[in-house]
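Look at the two complexes coming up: chain A is in both, with chain B in one and chain C in the other.
Showing the complex of A and B:
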């Protein structure tokens, strides 16, 4: 595959004119840099996904298993019976088109099959042809078609060009959620071994080793040791995290990305410093060492299997409640799915902040608190000594993650924290934040490198809003509460808006936090000198 | 293509009624049998579809949250767009069903000079959609006067309001004009907005033409080809009391039968089509659920046990490495 080299100018010339020929008569074209490599059979075998086989998306022959049509249609029938959302969303769309220009992939590609309505029609057409009376009789007139190898390729190509961000669902008059439809579509592709490597690899690693990156227990502790050393260099204080410790009050779970890749690592340092300063009785776990859940991008069952470790570990360690780090899809899963899958968590206690005594009344059943909720409460009660001027060189804007915005509603907590740890905060245009926020462009396991054009196109809408505040208000830092954002927005900013760095909210907290007995800070968490303190070392 | 096909289909339907009544003298078929059949299909079909949706459970709590969650007591929750109580959901649903709140959010996204995305107001679809649905409802309610001997006060009040801007006699109903304009707009946007044209199926044009046909014949009947309204009411009363009188059918103009037949087509087509969004919107899990999934456990009726990689297995895989790293283990 040739390296992707298109410049931003080229990429932002987008043709929105749909082709002359109807979409059913326009076969899918699998374009380079727009798709991810196929999953390796051994990755699927680890977790027992069926029909694992060698294949390549740009090959003509996908080496589909025998009777694949029957497998898919039976799978569809099964899902229609399990999910009212699916059955309803197959039936009630009126194709008003309100969702069309709400999708970041449509905005960035102009490809009409990336309009949520049409992406859904790819599946609906087959649904009509096989499960509805009108479709069976009137066929194409009723918008029905047969399931063919080409239709399947189209499904695959476009269901792996949707990041389940739910922005379309905000604008749909019936709340039709393309995320649900993509989930069903991806369930179907997993029945016949058509997963992508970038998802299947992390799923297999998470299943066996506890986290997506496949960090083994001793690697986790040594990664965190590095952070501890850096924190000591910066503050003169040696923090002392514990692992798999029974009897701790709180289990802390965060996406593994923050243990390994910059700039997530700085967010992890922020957590360590905050917890140390509070004297929090908490533990990390190497077994439940993943907050995120790439299983969620495959099948519901796989997601549940990966998620089960969190409650299991909380029970084994005998903690009172669970605190969760900054992550997007992790929080969709924890907020809307975890208790249903793997609850009831009756072995835990209703979460109470040991520092402020605040009862977290919005999580009395799931018993897991978002760190932004936890920290906002600390700040409100004046429990943290903060020196926001340390972040004065930063002009900060905040990117709402799709999942925490539209699948939870965590909007004010991170903003409250940012306003207290930074002096310069500027919102992006209102149609691009909160429930109308744009995806980073690389969610749902699409943050690979071979699909870079797709990622950058998908990230265009978000980057465009950042560019606006960068040019008008000098914004130079994009804060967020998501591990995937931290990795992918960095790439997107380097491409679209050079000069803007990306950071987790708790990195900013770590910078502003005045710790008891710390030495005079001259460096931020990235070990870069604070402006004006360059010569002090 | 889809538009022409649908237009032809509706014209053919009108022609069937015209020929059937004027040449075939099938007044009884078009005035009694078909309406009964259409109503039967509508009711059973509608119920079947709703029950079919209902037969699939809602395994997870998946509201689309469009505002601040219930969180710490000092953070202001958006109780409607992110409801944590049933009352909030009722308000959210009422706004959705009565005022098309989500559609009201609609924006127009455009790439302007310098590759800059701009977001503009886009309220026309919302306005036309709302105007169409409300005028349809008002017209439906007005028609109750044909089915009830003593016209009830609310119906007369709606008629009074609807004919507020009277232009001569007979009373001019604003809803007649609004529905024609709104449906025409909904049709034109399908034809002229390239993306919307691209996604439009015959099934999108057909109901628009059908409704235009119904409203059009209704207007013609009222303002141009006057039909025997008293006779129509007598027929309608006979039909609703399950005691239709064939003799009464004779003296009514053919335009009435075309109007009625198109209505019957709409009713019979309804449960087979996207028009079921009328029932479906109430069942949409992203809108009708309380966002309380961390407060109250939702039970999935088909939840089943799954294989997981247990801690014991994990420790067996890594015990020595864990011990070397100083991580506590269960079995030494």
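Showing the complex of A and C:
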């Protein structure tokens, strides 16, 4: 594959002219840099996904298993029976087009099949042709078509060009959840071994080792020890995290990206400093060592299997409740699925902050609290000594992660924290934040490198909003509460808006937090000197 | 599965040219991969590759970039313990390019 070299001015010229022929007569073209590598058979085998085989998306022959059409149609029948929402979303769309221009992939590619309505229609047309009377009789007039190898390729290409961000759903007058349609589409591709490597790899690793990166227990403890050393360098204080400790009050679970990839590692340092300062009775786990869930991007069942370890570990350790780190899709899973998938968690207690006494009634049943809720509550009760001027060189804006914003309504807490730990905060335009936030462009396991054009095109809408506040208000830091955001927005900013760095909210907390007995701070959590303190080392 | 030929032998690689089997790696093969990446291996380059391989043996994953930075600073002097120096050695990125030459797989997930 040729290297991706397109420059921003080239990529931002987007052709919105639709093809001459109708969409059913315009065959899919699998374009380089727009798709991810195929999953490796061993990664699918390890979790028991069927029909694992070697294939390449840009080959003509995908080496499909025998009777694949039958497998897919039976799979579709099964899903229609299992999920009423799926049947409803197949039936009720009136093609009003309200969603059409709300998708970051449509905005960035101009490809009509990235209009959410049309992406759904790829599946709907086959649904009509096989499961509705009108479609069976009237065929194309009723918008029906057969399932062919080309249709399948179209499904695959476009269901892995949707990040299940659900922005389009906010604008749909019927409330059709496009993410659920993509999820069904991906369930189907998984019946015949057509997963992608960037999802299947982390799923296999998570199943075998407890986290997406495949970090071994001694790797986890050694990484965190490394953060502990850095924190000591910065503050003079040695924090003492514990691992797999039975009888701790709280189990802490965060995405494994925080233990490995910059700038997530700085966010992890922020957590460690905060918990130490509070004297929190908590433990890390080297087993439940992943908050994220790439299984969620494959099948409902796989997501459930991977998520089970969080409650299992909470039970084994005998903790009272669970605190979760800054992650995006993790919170859609926890807020909307975990309780019924893996619950009831009746061995846990309703979460209560041991510092403020606040009951987190929003999670009475799931019993897992988002760290932004936890920290915002601490600040509200005046429990933290903060020195926001340490972040004065930063002009901060906040990117709402799709899943925390639209999937759990976490809108105010991160902003409240940022306003208390930073003196300069500027919102992006209102149509690009909160429930209308734009996706980073690389969610749902599409944060690979071979699909870089797709990622950057998908990230353009978000980047444009950042560019606006960068140019008008001098914003130089994009804060967020998601590990995929931290990794992928860095790439997107370097490309579209150079000069804007990306950080988790708890990195900013760590910088502003005044710890008991700390030395004079001259360095931030990245070990960079604070402005004006360059010579103090 | 694609392969790469070197000295008359075929080696399995992935779509991005990373060796599939850790044990296929040798210094000669590393030199060869480096050439395909337009890199002339010097002692400094080897220092990075050797550290990556040692770390991988122990921890089953490539090190975090900050661990690599600290180690190189320790071995080669504090003025070289920074990301900029690593990028000078490996313009394609220490995580991607140096791991490829060291015969290590790419990390996947929220990275």
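Keep in mind that, in the parts below, the second predicted complex is superposed on the first by the 537 of 537 C-alpha atoms of A that agree within 3 Å, B and C clash if a C-alpha of one lies under 4 Å from a C-alpha of the other, contacts with A are read in each partner's own complex, and residues count from 1 in each chain.
FYI, contacts are C-beta pairs under 8 Å (C-beta built on N, C-alpha and C of every residue); 3 or more make two chains touch, one makes a residue touch a chain.
This one's a predicted model, so the numbers in the text were calculated from it and none came from an experiment.
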First, second, both or neither for A:253, with chain B first and chain C second: neither
First (chain B), second (chain C), both or neither touched by A:93: first
Chain touching more of chain A, residue-wise (chain B, chain C): B
Which superposed partner A:222 touches (first chain B, second chain C, both, neither): both
Chain B versus chain C as contact partner of A:447, first or second or both or neither: second
Partner chain in contact with A:481 - chain B first, chain C second, else both or neither: neither
Which superposed partner A:212 touches (first chain B, second chain C, both, neither): second
Touched partner set for A:141, first chain B, second chain C, both or neither: first
Contacts of A:402 with chain B and chain C, given as first, second, both or neither: neither
Where chain A meets both chain C and chain B, residue numbers: 216, 218, 222
Complex interface listing, chain A residues touching chain C: 1, 37, 40, 54, 56, 197-198, 201-202, 205, 211-216, 218-219, 222-223, 226, 230, 255-257, 259-262, 264-265, 292, 294, 327, 447-450, 483-484, 486-487
Chain B residues within the chain A interface of the complex: 1, 5, 49, 52-62, 64-76, 78, 81-82, 84, 96, 100, 102-103, 105-111, 115-117, 119, 125, 129, 193-204, 272-274, 276-277, 280-281, 283-287, 291-300, 302-303, 306-311, 314-315, 317-318, 321-322, 324-328
Residue ranges of chain C touching chain A (in the complex, touch as defined): 1, 14-16, 59-61, 64-67, 96, 107-111
In the complex with chain B, residue positions of chain A that touch it: 8-9, 12-14, 16-18, 22-23, 48, 80-88, 91-98, 100-102, 107, 112, 115, 117-118, 121, 132-134, 141-143, 166, 169-177, 180, 207-210, 216-218, 221-222, 243-246, 286-287, 301, 304-305, 308-309, 312-313, 316, 334-337, 339-341, 343-344, 358, 360-366, 368, 373, 376-377, 380, 405-413, 416, 429, 431-432, 434-436, 460-461, 464-465, 467-468
